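In what follows, structures are represented as structure tokens.
Same chain, two partners: chain A is paired with chain B first, then with chain C.
Let's turn to the complex of A and B:
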């Protein structure tokens, strides 16, 4: 089974610093959720609180309908992989995988072995001796092979090179299709992960900015490309999220959809209209000032 | 989208699973510790016999090794294993009970080893005509024929070392360096007072036997403090 997540008025403080404030969030079961936010927006705090790594100062967290804190059933169904993972660094990786095979109810040793090969990890080595990227790769192995009902990757790709990151995305998708479960991916590499995401949650300065279907978000704006002068004229009264110019050609990302008449006008002006990418929307939504 | 990952029935409770794992780690180190102590005692006795006269127990000094070495192991277990344990989907409660059970089990192991070593030494000394004097300041046992009191004395001491080590570890983990250090008199205290409790004039006229429950209660308090700190402890960020 997959777990749902629900938070109500979730507030987490570190001393006098408020990391999360009044977050109301629903994560549906059996979907891949993207958790996006700038540095210090509260992503890791939110994920740590969901995974019972820490308690909220106020509000509630429910995972599969129950408070996860010290909840044996719920905790066994959650797996939070933070950066380089919480593994026994002075133990050989094969021994740590053996430990997980003992304690993780759905642990797949064969998958772990295949992933170790994919990431070129020597099972006889200790995590403490690995490079940052290899440590992250081992965290990815642990997270995928644990097959927890709620699997959370918090910036697990840090230090991984591009081939390893794409190997991780491929492995995640392949295993998710075979064994659907609730997956939460926190990442700054939005361009890389956006096609995997079914739902997107954006945090900003400790508050929930939005939570919606990835498709709905992508339909929220359009990109307009063409001669700079024509683009400027077309976007005169619209909210521009992002502007790029190369020579006489401009590409702008515009907030809000276009009517059929707008599209016809754009075509008359010789402009190309395309879908928006999540990264542009994210940058716009979390910026202090809108580019005009 | 349908969900398909099903949890198979587990053969072991999480406390048992954790205890098995911790015990494996402890035993691996303990066997080394025992081997080193036995080697050191044998060499020391040989040297003393060669260059002087053997008139005191050498094994009695292993007591400190069996206190502070497991104490440091217990610190590492509570401070270093919490992240791994919770990240593996297990509760702090299961770690608490498992580490206490393993700590007490290891204390029992070291107690048996120490008592057996003293008895072996007694037999060897007896056959050679050497005196096996105990030089402790206020021993609850005067000579090594009092096996029952040896078991009580070192058993309480080794158990306090284990529990105190767990408490020191979780104090540093939970409270940080400053507070962890400031509360050391409280957290290390049980190791320092548990056996003097059996002989201190402060508790006169209570007999040594009547003092044993007080010492056990002190160990109970230590374990309770450890569990309270552990069960409310957030998992600290990963050091990368």
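Let's turn to the complex of A and C:
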């Protein structure tokens, strides 16, 4: 009961602006995917197009093997929560949850109730009267309790304080383990979410920069520090993402993992080799594009 | 909890190996489930599962259907044998290489080892023989 997503040559335009161009993406069923990208990179456009809120100018989207546009079966199994909740703001939350229980086949009212308590949301109130963070928290409740085959959270954490965000992550993981489904999380808080992700997708200025296993990406970047000359020699034939020099010492971020032999060579040259976390790798990969 | 050096699943596996070696986890004892691991450390359950698969493949953990994961009876012995084998390649050989580089004679290293190692019951300072 998990949906796959597949896009081919997906292109979306707003007037003369191209928001997405030729995106070919495969999201495996039943995994937690992270969607990363700088502001304006096309994350929200991609997610709303997958969720059939928007039609592509060119290319195709398939969700669970079918075009989601005006496709009732697929739409019932898809839940997109955008920033600040994406809910009917003038409906009492209690009534909104009651409505979802009717339209969402897998909706779990007990879970919704427990999450309302966790986030200290009063079911009698309307989202329009809530702070941004509380509105987002209600979006998280709706997204989790709907238990849709494809659940998408587009920066749902916005406005949520740290305890609420961690309560959201905990609830997501716990329910995902019990009821595995395809989850997409888009967030700028890479450090907070990275260990929960199985796959990572990075968009850069409307194009797909990469899609890979989170573990592979964590091992991909390496920092090499030492005497400038030795660092230069070692990094000569490698893709350098960033170079910093302080006096005679250089620190270079290299794209691509090192073999055991590479590491031995580095040690012989008196170089220090260190890991690059996902957040730094993301910054280096996307800022490089902008600088050049 | 985790550093960025190795994949998370390797770090989890190493941690459990460490607990078995130290005796914190003994034979037949149940280990945390994938679910408990994932929720406790806020990590993807597939990552935790990968660590357990590796330990099962190494014969350190045993899966009991429907109950959970348990430490194998001979887990500590297996680890000791493996670690003792690796001790010479991973620890002693690099020391020898470094000593050669610095011009330190082997006798001096041996002397140092004798002086710092805890004497055995017979006072000789000899460590356990391989396979004992």
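Everything that follows uses one rule, which is that the second predicted complex is superposed on the first by the 239 of 292 C-alpha atoms of A that agree within 3 Å, B and C clash if a C-alpha of one lies under 4 Å from a C-alpha of the other, contacts with A are read in each partner's own complex, and residues count from 1 in each chain.
In this text, a contact is a pair of C-beta atoms (placed from the backbone, for glycine too) under 8 Å apart; a residue touches a chain by one contact, two chains touch by 3 or more.
Since the structure is predicted, the reported quantities are computational estimates derived from the model, not experimental observations.
Asker: Is the arrangement of chain B and chain C around the shared chain A a clash or a fit after superposition?
Answerer: fit
Asker: After the superposition on A, what does A:31 contact: first (chain B), second (chain C), both or neither?
Answerer: both
Asker: Thinking of the overlay built on chain A, is A:120 touched by chain B (first), by chain C (second), by both, or by neither?
Answerer: neither
Asker: Is A:170 in contact with chain B, with chain C, with both, or with neither (first, second, both, neither)?
Answerer: second
Asker: Please indicate which partner A:212 is in contact with in the superposed arrangement: first for chain B, second for chain C, both, or neither.
Answerer: After superposing on A, A:212 lies clear of both chain B and chain C.
Asker: Any idea whether chain B or chain C touches more of chain A?
Answerer: Between chain B and chain C, the winner on chain A residue contacts is B.
Asker: Check the residue A:88 against both partner chains and state whether it touches chain B (first), chain C (second), both, or neither.
Answerer: After superposing on A, A:88 lies in contact with chain B but is clear of chain C.
Asker: In the overlaid three-chain picture, which partner chain does A:2 touch, first (chain B) or second (chain C), both, or neither?
Answerer: So A:2 only meets chain B here.
Asker: Between chain B and chain C, what is the shortest CA distance in the superposition, whole Å?
Answerer: Nearest C-alpha pair, chain B versus chain C: 8 Å apart.
Asker: Enumerate the residues of chain A that count as touching chain B in its complex and touching chain C in the other.
Answerer: 31
Asker: State the interface residues of chain A toward chain C in the complex, per the touch definition above.
Answerer: 31-32, 166, 169-170, 173-174, 176-177, 195-198, 214-215, 218-219, 274-277
Asker: Inside the complex, what are the residues of chain C that reach chain A?
Answerer: The contact residues of chain C facing chain A are 2-5, 7-9, 34-35, 38-39, 41-47.
Asker: What does chain A use to touch chain B in their complex?
Answerer: 1-2, 29-31, 44, 48, 52-55, 70-72, 75-88, 99-100, 102-106, 132, 135, 146-149, 158, 179-181
Asker: Enumerate the contact residues on chain B facing chain A in the complex.
Answerer: Residues of chain B touching chain A: 1-8, 10, 14, 17-18, 20-21, 81, 83-84, 86-94, 231-232, 234-235, 237-238, 240.
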